[in-house]
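So that you can tell them apart, the chains are marked A, B and C in the order they are listed, and the count of residues begins at 1 in each.
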């Protein structure tokens, strides 16, 4: 299936999901990239998996700090139909919250915990949203651009 | 609490396994809740080797990140190097010279053998056989000697460069690899007689910790773990990078997705890697090893997700450039991190003695889990 | 044994010529300690793989009486082989405390010496000597197996200078 066909199918089902255009002066996207509103991400993902497009493989889920907003990027792949999709969700920096997709792909479970740990993005409906990598009692979200590490007895 | 526990008055027990345990392959901490010998809940607790690599990557230049990449999956550093250079190369549209491409593939495949050898040795120890460890390390040292002759390092190579490789092969390298492959092939049979069909080993692994196809995809497993479940998913074929499309090789798969299948997939992969190396050696011709690239690069603003088939699975790097000398965001999708997540599902209902067999068969490296 | 080693030198040294006996005892005790250094089989990061290469067939540090033990209670040497993170620091301290005395620490590699390539990370301890007293440092990232063997020899030299005497 070509990128345009995938895009048309998604637009037919979810008009709010639009192709994401790279900002002026940046390289064109390497694979089809779409943007979805945060509130409906769980439905979009559930449909992407079980609908006609069969995106059954969540390759990666990353948080990104774009200074004025936070972003969650899903790299999807279909093992059966061999196509790729990059799904982006923009979040308000003050209240970074969006529904969890760990019920859609189990693989999202730890990815989301990592994004929570590193960026403070809250995934509502996640079964166990706790810090995963940083030490107990760690303060702040290290991958935010304005994070400043507090020296402790080990520094 | 299960029915038996209620009736007998025994309590559920919580057992901490790790972070210091000879069989957790590093500093993994497993929290196990048990009903007698049966595990009712398992929770891996990771982060004991979290070094903040993704944050550090934003403070290093693109080139310096190759040195950091050595330390993600430290037993297959060449594959990490591969993943680290692909992103910036594609962003800058650099054409890598043919010779460098073949050298890269030889290195990556030798590294796959070295990594699987460590798996073979340590998995033997996990199950209770110490001898395979000595056999595996004997052969692995030969690969390390070859690496040492090329780049001077045994473990953290920092050999790939954006646009090629750092040094040409020394004279003795190509005959050395040929001699190694010739020596290594019969050794694979030796391993089979030593461990693969050993009745004790098979009792501990066959039918233990089976992962179905659906589960494997749902948890986004990759590498030998997903292939053991019968899905022929290999980035080298699926989304060929570098010059992998020129090579003729098979993708070994399993059937049942149990520990033994995962083990056998890795054993069979070693001989496939040897095949790729032989083909690459034949195609190797004199020429440039580096494209013309500035020492400090500034890739144009943009983003890309590149992935390679590392010995553990899909090693992806999602890099965002803002046009400066350092990455804006450098996300590493470590295969071990994703593969390890399924442990909480797999261990439920197994006996405590199987934990080590299952954990070993997933073949994780904590450097990549925690990054 | 502990009582004998504690009291005997004190009593012996109060006699004229007793120091000679103490030094001979020193030699015997140190010799036996240095010849059976049992390390904890414990690895943190990359260096642990090189440490494993030392256990392996080519380097084989069994030759020096170095024989890995899986529990800290049987070990008298701990290699800090790799990056020590803040999350792990208290656990390593606990492991060290569980070891019986005399106990020795070898800091293996740049990470555990100073933080190494992760010197500016928010989650890495900048040198294991902030947590434990270190006897021998090995440089390298990671150190070669030969360097690890050398560290054993250096530690043996250090052990030979120890004494049970009260007149330090």
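The rule is simple: a residue touches a chain if its C-beta (ideal position, glycine included) is under 8 Å from a C-beta of that chain, and two chains touch if they have at least 3 such contacts.
Remember, it's a predicted structure, so these values are computed and weren't measured experimentally.
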item	value
Which of A-B and A-C has more C-beta pairs touching across its chains	A-B
Centroid comparison with subunit B (C-alpha atoms), farthest chain	C
Cα-centroid distance, subunit B relative to subunit C, in whole angstrom	32
Chain centre separation (subunit A, subunit B; CA means) in Å	25
Euclidean distance of C-alpha centroids - subunit A vs subunit C, Å	47
Touching two or more other chains - residue numbers and ranges from subunit B	47, 50, 52, 55, 370
Multi-chain contact residues (two or more partners), subunit C	85, 87, 122-123
Sequence positions of subunit A contacting 2 or more other chains	134-135, 142, 147
Contacting residues of subunit C [partner subunit B, same complex]	40-46, 48-50, 52-53, 55-58, 70, 72, 82-83, 85, 87-88, 91, 95, 117-118, 120-124, 141-142, 144
Of all residues in subunit B, those that touch subunit A in their complex	46-47, 50, 52, 54-55, 90-91, 215, 217-220, 231, 233, 238, 300-305, 307, 314, 316, 318, 320, 329, 331, 333, 337-338, 340-342, 345, 370-371
Complex contacts: residues of subunit B adjacent to subunit C	19-20, 22, 26-27, 47-52, 55-56, 59, 67-68, 70-71, 74-75, 118, 133-135, 137-138, 140-141, 144, 154-156, 366-367, 370
Residue ranges of subunit C in contact with subunit A within the complex	85-87, 89, 122-123, 125-126, 130-131
Partner subunit B, residues of subunit A touching it in the complex	22-23, 25-31, 56-60, 62, 64-65, 73, 75, 79, 82, 86, 105-107, 109-111, 114, 118, 131-135, 142-143, 147
